[in-house]
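Chain lettering (A, B, C and D) follows the sequence in which the chains are written, and residue indices restart at 1 in each chain.
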Amino acid sequence: MTRLTVRYFALFRERAGIDQEQLTTEATTALELFHSLAHRHQTDDPRGHCKVAINDVMADWDSPLHDNDIVLLFPPVAGG
Amino acid sequence: MTRLTVRYFALFRERAGIDQEQLTTEATTALELFHSLAHRHQTDDPRGHCKVAINDVMADWDSPLHDNDIVLLFPPVAGG
Amino acid sequence: MRRIDIFEQAIDPDALRRGLFNEAAGALVTFEGWIRNHNEGREVRALDYEVYTPLALSEGQRILDAVANDIPILAAHAVHRSGSLQLGGCAVWVGVVSAHRDEAFRACRAIIDQIKLDLPIWKKEYYVEGDSGWVNCERCASHGSHPGHAHT
Amino acid sequence: MRRIDIFEQAIDPDALRRGLFNEAAGALVTFEGWIRNHNEGREVRALDYEVYTPLALSEGQRILDAVANDIPILAAHAVHRSGSLQLGGCAVWVGVVSAHRDEAFRACRAIIDQIKLDLPIWKKEYYVEGDSGWVNCERCASHGSHPGHAHT
């Protein structure tokens, strides 16, 4: 079990109804974590259009998770 | 014989020492005229790097000449 | 100079271009993204930009450094707005100076393309009809519709 | 708007960009050509531009119309200086607005490329060493040296 902080942005934040939460998870990768939080962000496969960052560094969906990580879940970006 | 006005620009004007001249020429094309004025502009083959305009319209070097034409001789351009 | 900023207030393009002056520069190319009155067939009246600034700055700097390593330029500056913008407002400004124009054109284009793909920035459009929606990124649009996209 | 001007006085890029504002526009790309302190290995201190204005305007308009027929843009404006410029001065400005950025980038580049090739404009450089010379066009430079080119 890993203890994390998860932060939701933009559409994900609106759907989750919260900015962030602390949780304990059995997920071992960012992708597993994302799937376990489908009730929050209401999104299936994030790969290709959603991004994840861990501790303010862009990460891959197969990145491992560690205690005290801050995981940022980004819906499709639209700058410019 | 054709009676023309010839105008010299930039480097050609400096070399010719005059802005323009009226002359009567046996040349039948712009290219023939250019070659006949080599003592003014001091340039051999103008094709590819020099331009010619007749009566304020860009022309080809093989354009025919007519009485009262105003022929503009342009050394290599360098705008921008 | 290779610099990216996130501005909460209006972008001043003239001040930004003057900040890029360099005696060795022969070319300045700038890109400005403006809020236009339509997007994907909807009439737009305003926008909100949400920016996660710490990563927008670090990703932006990475983009500028990568482009400057690839293309010989003298300086580049990119600025993106956060917060509310009205029609006609300047959402993003990119300026590049170089000795010759080819490099400035290529680098400016590469920077704005990467900014749009990589920076953690989200755009919520407010439509004339009264509803609103989060805008998908360009890469995602090429995937067609997906579950993460809905007008709300 | 598709417009070309020859200015005898300083170009004001900020006024020009504001003149291109359009509610349907999402992208503005501008190019500025600045007098840089070196050219082909020589240190430059100033420049004179000689322009044959009647043909510069008609050829410029032909270029703008051709580009706008080829690339869907909303407006384009090009301005070239005549007369004396100092280091850092703005010699030429081109601005293009379009709904999306690709068109503005491509059209702006095409316009400045054609301006440099086709407009009857000549540039005399004054060097730090005290001499001066007429600058060849880019197309001609690719022919190597020719009898019409000499530093005077």
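In the analysis below, contacts are C-beta pairs under 8 Å (C-beta built on N, C-alpha and C of every residue); 3 or more make two chains touch, one makes a residue touch a chain.
Small disclaimer: the values here were computed from a predicted structure and weren't measured.
When each chain is reduced to the average of its Cα atoms, B sits farthest from subunit C.
Centre-to-centre separation of subunit C and subunit D, using mean CA positions: 26 Å.
With centres defined as mean CA coordinates, subunit B is found 72 Å away from subunit A. Multi-chain contact residues of subunit C (touching two or more other chains): 33, 101, 112.
Contacts with at least two other chains are made by residues 80 of subunit A.
By the document's touch criterion, interfaces exist between A-C, B-D, C-D. Interface residues of subunit C facing subunit A in the complex, by the touch rule stated above, are 33, 49-52, 54-56, 58-59, 80, 91-92, 112, 115-124, 134-137, 139-140, 143, 146-150, 152. Every residue of subunit B that touches subunit D in the complex is listed here, in rising order: 9-11, 14, 41-44, 46, 48-51, 53, 56-58, 72, 74-80.
Listed in rising order, the residues of subunit D touching subunit C in the complex are 13-14, 17, 21, 23-38, 87-88, 97, 99, 101, 104-105, 108-109, 112.
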